[in-house]
Every structure is written in structure tokens, then in C-alpha cells.
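After this come two complexes, each holding chain A, first together with chain B and then together with chain C.
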Partner chain A sequence: MAYIVEPDVVRYACMCGLLKPISRLYFCRHCLHLRCGFCVCHEVDSLFCGKCLENLPSTEAKLKKNKCSNCLECPSCHQQLSSKAATVAPKNPEDPKATPKKVIYLCCLNCRWTTRDVGIPDQEVGKSGWPEHENVHTNRLNAIMNHYKKLVLKEKQQQMDKDKKQRKYTTSLAERTGVTASILRKRLGMTELKNPLLEADDLKPAVASKEIVDSIEHLLTTPIKLNDITTIDQRLKLPDWQPTAVDKLYPVHKQLSVKRSLRCRSCEHNVSKPEYSPNSIKFKIQLFAYYHIPEIRIVTVEPLRIGKQCELLIKLINPTQHQTTITILPLEHLDAIQQEDTKVIEDPPETKEPLSFQLLQSSLTSHPRQINAKVGTDVSIPTSSIILPARDDAAEYDDTGETQNFQDDPKLVVFRKSNKAVIKLLVAPMENLELGEEVIAGFTMQHVYTSTIATTTENKEPQKFDHKMKIYLTLGTLVGSQ
Partner chain B sequence: MSSKQTPKISSGALVCGDNKMHGDITFGTNSIVHPSCTISAESGPIIFGDTCIIEEQAKIIHRVPFYRTDKNPVMFIGSNNVFEIDCTVEAAKIGNNNIFEPKCFVGNKVTITDGCVIGAGCVLTDEQVLPKNTIVHGSGCKQREALDQPNPQFGLMDTLMRLLPNYHHIRKPIKKP
Partner chain C sequence: MPIYEGITTEKLHVVIDIGSAYTKLGFSGEHAPRCIIRTEVFCKKTHKVRKIYDYEDKYDLYDLLVDFIHILYFKYALISPKDKPVVIVESLLSPTQFRDVLAKVFFKHYEVSSIYLLPSHLVSLAGLGIETALVVDVGYKEATVIPICFGLPFVHSWQALPLASQSIHSNIKTLLASENMGMVDINENVLEDIKVRCCFVTTKTRAQSWNETKPTITPCPDVEYPYNGKSSLKISGKLRETVYELLYVEDNDHQCLSTMILDAILNVNLDLRKILAENILVIGGTAMAPGFKSRLKEELYKQLKCTAYEKLKVNDFKFHSSPSLDNYTAWLGGAIYSHTELIQFKSISREDYLRENRIPDWINLKDNQISLL
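Let's look at the complex of A and B:
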């Protein structure tokens, strides 16, 4: 599938002005807008480990530094480690009763790195968990972290004191009489309660040393063996230790993966929501443009020459369960409408909208950026529109050429089968193009979108909307002039 | 050199019939050759050591680079080597205990010593000598040095020795005089 929709040949203009292939777009069916990954709100739904598929609540994940406690990764090539069983001869071979012991070690199936390489002792069968590699500087790091926490608290306290001074009048009885909790405690003869975090700590600042710890002399005298030195990737995978030699590598806990849901920015409806369970690859909501917007594929283009009308055959596919009508309009058509729209939107004050929405809007409303595509050809705009029947999965396998009674313009529609139609457009590359330059054609496609949202009881007919979007086709390079 | 030469198979070796073999080829004892592999001794004889496994679709080609002018070059392959599915090996000198993983390619300018593992899909073409226990892995053909050589797969060999003759034609080993 990816080879058909993945190359950026046919691009749709997203609401934000970016051009994306249809497989990368979402379609919000509530506000009828195309949305791309850059103009939706991303939310973390659940955290899970990709290997053992364990689901972790976000607080627990934070506590575990977003890493799985069971699964380990190879420090050498970052693939998952698997455990391997081996038998070890008994300690005293003379003893006839001693049986060979079964042990487990970890092994990477990709680069064949094993825990034996770095001298991690094998584990006995039945024991679980590998020894954690402790950071030498743990105490120091904790002390620094505590210190900063205290600083934060101190600053907060100072800010609060400042606020109190600024307040002219007090309302609480305790404050008016001057009897606060701490004074009461003093009067009763109790020791003052102290916040442990507010106590002064004895953190000594780090001292820069004059001496270089590691002597670098051996670097100058002995030849470097590249196989013994870790790569930058390997060092950054272990930020606590950053080993420089391969014999200091240690298995890393696997990073957790995230399931995220995507939300339309303007109406806050979900456009994509996966099922919560990490075992499932299904979606609760998936409003991908691929299932709602007619797909366009280029069938053939004649060699492009300046000043010559070249035939362009494109295929239109209706992916929905409803019949649709497609009209090709000039590219400027949508610009004119949008300008009118913005004029209208600017005037009425926003009412009835939820607060969060208003907040969001104030921060997120932005005018779509300029579409970054240089249109290099004129497209002949057909006068008639094309009706595409609904998608029928069974018809895909039906070879008995069914006759469809559509009153097509034979000059426009070349071929038709079930929910697909091939139409012929004429393109004429512009004069100002240079030889070998890429030619981009653009037009506005209008299609009838049948809303699938359950409508109110009053009108049982599904609502229909005219939806318009800009399409940019990359037709290939200019081969010459007429 | 006639291409219709029959391979010399030592006793105890198991060579399936349905494979392409050209030129002067010698198999050591306890070697196992699966069906549908290609062994072509174009530039000179190929000599396999003991207990080598050559799997399906593997291509072992003796093709000396054009600038080498040694007379009658011989391709030596040591013992305990495993050529996995669809690997292409042209290296003229191969030591012992090496593993060529599926779809790897080793060019004819490469010399392979002992205990090396050429990872799946890795391509080695430049003139080089792989040091002992080198492991080539990943899409970037990264190299690292292993602690010890990969273990010979005796369990697999026993199974193959038992099963292959049941389902395939077997070339007869040469009777020792």
C-alpha cells in the first residue's frame, strides 16, 4: 500500500498550509477540516513496554524513569536482549552426586553481545531480575536534587511573604490577633515544627581540580583499537556512566512506548484514538483522510513540453459508503472563499464556547501558512462534475462488467469501474519554466461529504456537505518546449 | 577445467544431489550440504574442511579478482563453518568456526580468519582481513569483537544427518582406497 500513497506525488493541502499525501492526513468530521500531524493536539493515552506489553500508569512510569523494569536492551546495538540457557559443570567434579547446573545469561541475537562479555555473573534458573548497575555518584546526585528542591521551596516561601506584606487588610482572625499556629505552639511550650525541606543543608559545591584524572599518555603511545572503544550512540544510551570502553557496557532497561490520541485543534473532537490495551492494534476512533476523502492517483502524463497541451489521466476513488459528486475547480477558487470567511469570523464575538476552548483558541489560532508549491502549469477545468458510486468491497472481485448508468461526458471520463473513475485533464506547462524543472499542477477538488454522525430525530436524512480542498500534483520534469 | 567434474566427498559427509556444482570441489568429513545451493570453482579448486554446513540457496563462488595473477589459486575453507540460507561468499581464504548469516555478501578481496560472524544482510567488499572473533552486524555493517568463537552446532548436525537422507537424493562419497 505504501508504495502507492507514500511517494509525495499527489499532495493535499492541510488546513495549516502543509502539503501531505493522503495517508498522512486526518479528517475531522465535526468541523470538516483536513488535519495533519502538526496541527492536532497529541495526548498520551497509555504507557506500555513494547516487549512484554505491560501497561503502566503514568505515575508509576515516571517513578521508573519511563523504563520497563523487566525488559533489557543490548547496550551495543540497542536491540532487545533474550535470555539463553546454558549448563555449567559442577564446582567439584570429583563429587559423583553433583549435577551440572543450569544457568541463564542474556544474549543479543543481532550482534551476539552477551552478559558474559562484560563479566556479569550468570543467573540461576528460577531467580528473576538482573543486578542493577549502581551509579557511583548516586549520593551526590540525590544531595544536589534535594538542594534544588529546597531552593524551590524557599523561593515559594519568599514569594508568599512578599504577597502577605503587600496585602493591606487581613480578614482571618488568626492573622488579626497575631495568633498564628507557630506562635500558639511556642506559647504551649512545644518545639517549633520545621519543614525538613526548609532546613539548611550542608551541600558542598563541587571543586574544580587542577589535575587531569585520566592520563592521556597511552593515547599517544599505543595504537587505538576501534573495536574496544564505544560509539557515541552507545555512550549516550548509558547517560549515567558514559563508558568509553566496550567492557564497561551494561544492559539498559527498555524505554516505554506511548499510545497517543490525537485531537482536532479547533473543535476538540478526537481524530484518532487507539484502544487502551497495549495488546490491541485497533482504534476506537480513526478519522483518517484515507477513509473519507476521495483519493487521487496519477495514471499517466504525457511528456511535458512548454506551450503544449499534455494529457493527464488521474484516477478518482471514493472510499466512503455514500455516493459522492466530485467537481474540479480552479486553484484560486478556495482562496476567494477563505478570504470571505475570515472577514465573517473576525466580527462576531465568541460565545458559548468552553473556557478551555477559548484558551486554546487564543494560543492556537493562526492563519494558515503560505502553501509552499510553485504551480507550473495551467489545468483545463472541466465543466461537468463526476459522480462516484459508493465503495462496495464485493464489487472489487466482480469481473462481470456491470453497466453503470451515469451520464458522463465522454471527453472527461475515460474509464469507470465500481467506485473508481479515470478522468482526463489537459495541462499546459507555463512559459517561465526551465528545462528539467519539476512541474506541479494544482486544482481545487470539491466533493460531497455525507456526514456519518448520528443526526437528530428531526432530520433523519444524513447531512451532506460540499467539502473543498486544494490538491497539488507533481507531474514530473519538463522535457522541452514545443 | 571441465565443469563436469564430480565433487570429491570424504566419507561421513552428506551432500544432497539437487545442487549446482562446477569444477574441482572437495568436501571434508561430516560436512552437510543442503539441496539447491551453488558451489562454483571458476578460478580454481575449492577445498572445504570438516563439519561445514552449507544451507539452501547459499552461493560459494571461487572468483579471483582480475588483478591477481597467482597460478592455480585454491579456495581454502576451514572446518566448522556455517553458510546460512542465501549467503554469497567469494572470499578465497576462510578459517574455522565462522558463520555467514542469511543474505550476507562477502567479496573476493576479503580474507576471513577464525570465529567471525557475518550478520544477516551485511555486505563486505573492500580488501580487508577480518581479525579473529569479529562480528559484523546491522545495516551499517558495524564491527565488534566477541569474547569467544561461536559454538559448533552439533545438535543441528545430528538432526540433519538423520533427516536429510530420508527426503533427498544423496551424492555418494568416494570410497577410500
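Let's look at the complex of A and C:
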């Protein structure tokens, strides 16, 4: 499908003001607005390993530092490492009973790097777990982290004591009667409980030294082998170590991937939610605009010349299970409505009350950016609307001439088949365009959207809404003037 | 089940250090960042990789940062940013526009609950457990020096010069073009790779003899660098040794890396000068070049003999080594700070931001009023 929707020639204006092809848009059916990847809220849904497809709960993934415990990556070229089996001769070959031992080592099938290259001992079959590389500063850093934690806690305690002294009346009943927890403990003959974090620790601050150990003597005389020195990408793959020599590389655990669910920012309903299992590529909720909004494709356009009315044929496709009516309106139509809306909102006088969170959160969607497209042609707006029947999968294969009884304007509708119709519009490029400039046409499309959400029991009839959006068509370059 | 997460495990906060070349991302209380990635995004419109810091205006930066932070959270951190605190390590000298847009992206687009902003020079000392030191940050765009005394950054004596990776890369580019015919347009990633794998900082005596009209020393061996699959670049021994020289050679204003350090020391109080000179911490990825620090020490002693620095009365220079690698020292400081309870009462909450519509900054007079307590 990429060849039909990929060159962004037909772009829909999202509510946030970005122009996107229909394949990249979502349609929130609760607030009846177009949404795109920029203006929905992304959330992490489930974590999984992309290689072994193991599903990890978020707490477990946190413990494992978002890495898969089974899958390892090549530190040299960042591809997957595969296990390779080998046999090792028994320790004492004279012993007739001794059988050759089976061992496993890791090998990269892309760059042929193996764990044997860097001297990591082979693993016995059935034993899992490769030796992990440890940070050399672990003990010192733990001590420092504890030290700072205590320092802040102490400061907090002092501040609290200070506050207590300043307070005139004790509020707690226990303190007024004189029986506090610490006194109770004393009475019972128990030792006083001390917060282990408040005890003083003896962290020795680092000492600066005069000597610096970075000798370059060996670089001056011996020629370097580029293959033995790691590249910066290889170094940064092991952030805590960053080895400079190839023989110090170490296998890296594979980073987990996430499935994302998308949420509409103004009504907080999901617009896309994948199935939990990493094996599945299906969705639980998928409100893609492609399934709800009529699709527009350019069929043909006459060579564009300034001042000349050119024929533009566009195809309208109704993807829904309900009949719809499409009306083409001028581009400015929607602006006029929006301005009226904002006028109403602006009217109430400013209050000093804190804004409610609901309002704050929708700030992103309520202040759309300017649409970044320069319209370079007028479009003749047809007077009549087009009725599109519902999508019928069986009709796609029905080649017998179907009879549709629609009272079409023959000047507007050129061709019609099942849920598709081709209409003819006239465009006239504007005078101020230059030769070779891209011509963009724009109009507002209004269609009848039939809501499929189960409504209250009294209202059995599916609700119908008029939904409007701006469409921008890139028609091609200007070839000349009349 | 998100409700129980807080009880079973300790809260982990995302700690981000957005550098001009590389971004360090990890979690609070950890000893090393989870990943160090290039600060760039792929632009779908132009099909080019764009650096975040090469933004055109604040609207362009907003879009770039939205894309970049999306990658940080959903490809590396793997948590939803919404309603969670975030810790950002940034330089005190980072542009106000960048700071403002970054806060806007985090609060308005990603709806984080709070941002804890930490000055990179100050927090770098956390890994050492000391309070007073001269912090020299040599990164990608510029080298900055800020003295930290008793846990307070002395911003008035800051020094900054564009002596960092970017100028070294362009230096390699011009030198390579003169040595290899027709090699004019070399990708910056290749230049960086040449710098990292072939080049080093030479000693002071050798650098001086390179400056003579007829150098008598034997250069270090040449390197044949494979390029573009078919051809190869000849990297001469002289290039390998001398690309870093521009950091140590005085420019027209008689300024270089060593004078920056001495000027910064000169700008602070008499009593602190000796302590600062004996507590120097060098951070930033460029400082990881072999021979960088020993050469810096040599240069400092050489500059000390100049008349301008006679009044310093400093005899010794001592250097610290952080329990981390130089390129993530500042990040480590952020991870240590955010592991404490400071994050609860020092961070800027979303409500505060939305009420004020700005984040506090040391440069803003509004935040510098002396309280009447």
C-alpha cells in the first residue's frame, strides 16, 4: 500500500495543525477529531525481548535493567550472538572411560567475533549464565551514594527539629501526655531505635594527585593496528567501561523493546492499543483514520498553467460500513467556524482561580499551530454533495454491472463503483506562482460520520455527525502560463 | 500493575545529560548510564540526520526535542514519561532558549510531574565526595571552566572558549585535505573515528620541536585508514600528534586551555587559589584522549612562569580522578544527587511551571532577590 499513500500528495490537516497522509492519522471516535502521532499521548504498554519474544512485566524488566537475560549482542557489530557447540578432549587422554566434554561458546554470525577471541571461558552444556562484567568502582560509589543520602536526611532532620522548636503548641496527643514512642521504649527497657541512615559515616573524600598516568610513549614508536582499536560506537555500547582495545570487549545483553499504546489527550480514550503478547501483531483498539475517514486519491490532473482552468479528477472512497455524504467546501469554511468557537471561549472574564487540570492538559490540542502549506490555486467548489454507499467486500469481486440509483450531477461525478466515486474539480493556479513551483490545492471536506459506539438503550439509532477536515493536495509543478 | 510498583522496588528516576554531541541517559542510583547516544534525530522530511543543537529557531528546536526525547524514553528508558519526575544535568552556561524549550517539551508535551535541574560542574564533584575544586569541562562545542567552592559554583569567574572536539574535527579535516588529494568532504563521523582511533596528545617538548622550521624528531608511524570501502586515507604521524595542539597553543588573545584555568583561579579570592589549583577535575569526552591530562599539567606549569600569572603564588597542580569515565562524570553526579531525597523538595513541579510559565534560572534577577529573612 505504500506506493499509494507514501508520496504525501494528499495530506489531511490534523487537529494539532500538522499535515499528514491518511495512513499516519488516527481518528478519536469519542471526541470526533483527527489525531496524529505528535498530538497523542504515548504510553509504554508491554516490554519484550525482540529476539526470544519473551514477555517481561515492568517490575521484572526494571530489575533486569531493561535487558534480556538470555539474549546477548555482539560488542563488535551489535548483531545477535548465537551459541555454538564444540567438543573438548578429556583432561587425561589415557583414561579410556573419559568422554569428550561438550562446551558452548558464543559467536557472531555477522562479523565472526567469538567469546574465545577475548578469552571468556567456554560454558558447559546446560549451565546458563555468562560471567558478567562488573564496574570496578562499585564499592566506592555505593559508599558515596550512602553518604549523600545520609547528608540530605540529616539536613532534613535538623530542619524538622528547628521547626519543632519554633512551634509553640504540640499538636500530637501522645506528646502532650508525655508518652512518646521513644519514652515508651525506654520504659520497657529497650534500646533506643536509631535510624541507620542518620549515623555518621566516615567517607574519605577523594585525594588529588600530582602524577597523571596516561603515557603515550608506546604510541610514538609502535605502529598501531586499526583493527585492534575499538571504534567510538563499540566503546559507548559498554558505557561503564568503554574499552579502547578490541580484546577487552564483552558481550552485551540485548535491550528490550516496548509496545506502545496511544491515548487521545483531550478525552483520554485509547486510539491504538496493541495486544499484550509480543507474538501478536494485532490490536485491541485501532482507531486509524484509514478505517473511518473517506480516503482521497488523485486520479489525474491536467498540466498546470497559470490562468487556465485545469481538470482535476479525485477518487473518494468510503471505508466505513455506513453510507456517507461528502460535501466539498472552501478552505476558509473551517476557519470561520473555529473563530466563532474561540470567541465564545474568550468571553468569560479572567478569574484568578487555578486552572483545572483538564484544561491544562488539553493546552497542547487547544492551541494548534499554523498549517504550514501555501495554497497556490483556486478550487471550484461543487454545489451538490456526493453520496457514497457503504463498503462491501463482496462487491469488490462482483464484475456484473451493478445498478446504483444515485441522482448524480453528471458534471461532477465522472465514475462510480461500489463505495468509490471519481469526481471532477476545476483548479486554476494563481498568478503569483513561479514556473516550476509546486502547486498545492486545498479544500474542506465534510462527511457524515456514523458513530458505532453503543449508546444508551433509549437511543438505538446510531448517531450521525457532520465531520469536517481540511485537505491539501500537492498537484505537481507549474509547467507554464497560458 | 502500576499501583504496587512503588512498594516493591525503589523509585527510579530518569537522569538525562544532553550534551552537544552525546546524550547520557540512565537511572538514579546507578553507577553508569544505560546508554550514551548521539544527540541527533533522523528528519523524515529531508531524510537527513540532524543534530539537536543545530536548530534554526525555538519552534524547530521544539520539534527536534520532541522527537529526540521520544527516542530516549521509548527506545532506551522504556517507561512512560507522563506524571514521572525527570532529572536533567545541564551546564550553567547552556543557552536560555534551549533551557526554556526543553522545559516546555517536558512539561507541556510529555507532561512530566517535575524536573530537577542540576548544574553539571557542581554535581561532577559528587563522585569525589569533595566540595571545592576547579571543574574543567572539555566537550564538543566548547571548553568551560567554573570553580566550585564549598559546594557553590563561582559563576563570576567562569571561562569558556570554543576549544573542543568540534574545532579538532575541523582541524583534522583541513590537515587531511592537504595530505590526501581530493579528500575534501569527509563525514564528521569518520573524522571523529580518526580522532578516536589514531590521534593522541603529544608531549610539550615534542610539540615545540614540531614548531621548528626543520623538525629533527622522528614522527610516530603513519596509519593507513580505510575509507569508503575502496580507497584509503593516509594519516601521517605528524597529523596524529599535532591535531590536539590547538587546545594548548595560545590564540591571538593569548588564550588557550591552560590560561583559561589560570584565569579562573585568578578571579577567585586569594585564600581559595591554592586549594583550587590543588583540586582540578577534568570532565568531558574530549579529555579522554591519550596524553590529554599530562600535557595539560605540563602546560599549566609552563604558563605559571609567565609574568601575568606570577602573582598567583601557586606552586603545585593536582588532579582528581573520578570513579567514572570522563564523558559521564557529570551524569554520575546527577545520578547520585537524584538518589537522595533532594529530588522531592528541590525539583520544579508542573503546577509551578504552568503557573509561572518559566523555570528559575541563576541569570534571572527575579530568582536572585535576597530574601528578607
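Definition applied: the second predicted complex is superposed on the first by the 381 of 482 C-alpha atoms of A that agree within 3 Å, B and C clash if a C-alpha of one lies under 4 Å from a C-alpha of the other, contacts with A are read in each partner's own complex, and residues count from 1 in each chain.
By our rule, a residue touches a chain if its C-beta (ideal position, glycine included) is under 8 Å from a C-beta of that chain, and two chains touch if they have at least 3 such contacts.
A quick note: this is a predicted structure, and the numbers were derived from the prediction, not measured.
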Chain B versus chain C, judged by how many residues of chain A each one touches: C
First (chain B), second (chain C), both or neither touched by A:Asn110: first
Contacts of A:His42 with chain B and chain C, given as first, second, both or neither: second
Touching partner for A:Ala98 - first (chain B), second (chain C), both, neither: neither
Which of chain B and chain C A:Ala89 touches, first, second, both or neither: neither
Partner chain in contact with A:Ile337 - chain B first, chain C second, else both or neither: neither
Touching partner for A:Met160 - first (chain B), second (chain C), both, neither: neither
First (chain B), second (chain C), both or neither touched by A:Val125: neither
Touching partner for A:Ser76 - first (chain B), second (chain C), both, neither: first
Residues of chain A that lie at the interface with chain B and also at the interface with chain C: 231
Residues on chain A engaged by chain B in the complex (per definition of touch): 76-77, 110-114, 116-117, 227-228, 231, 246
List of chain B residues in touch with chain A within their complex: 117, 119, 134-135, 137-138, 142-147, 150
Residues on chain C engaged by chain A in the complex (per definition of touch): 2, 4-5, 8-9, 12, 22, 24, 26, 29, 31-37, 59, 66, 70, 74-80, 82, 108-109, 111, 126-130, 133, 192-193, 196-198, 200-203, 206, 220-226, 240, 278-280, 288, 290-294, 297, 316-325, 327-328, 332, 336-337, 339-342, 351, 354-355
Partner chain C, residues of chain A touching it in the complex: 38, 41-44, 47, 58-59, 61-63, 65-66, 135, 137-138, 140-141, 144-145, 147-149, 151-153, 156, 203-206, 208-210, 212, 214-216, 219-224, 226, 229-232, 235-236, 239-240, 242, 255-256, 258, 260, 354-355, 360-361, 363-364, 369
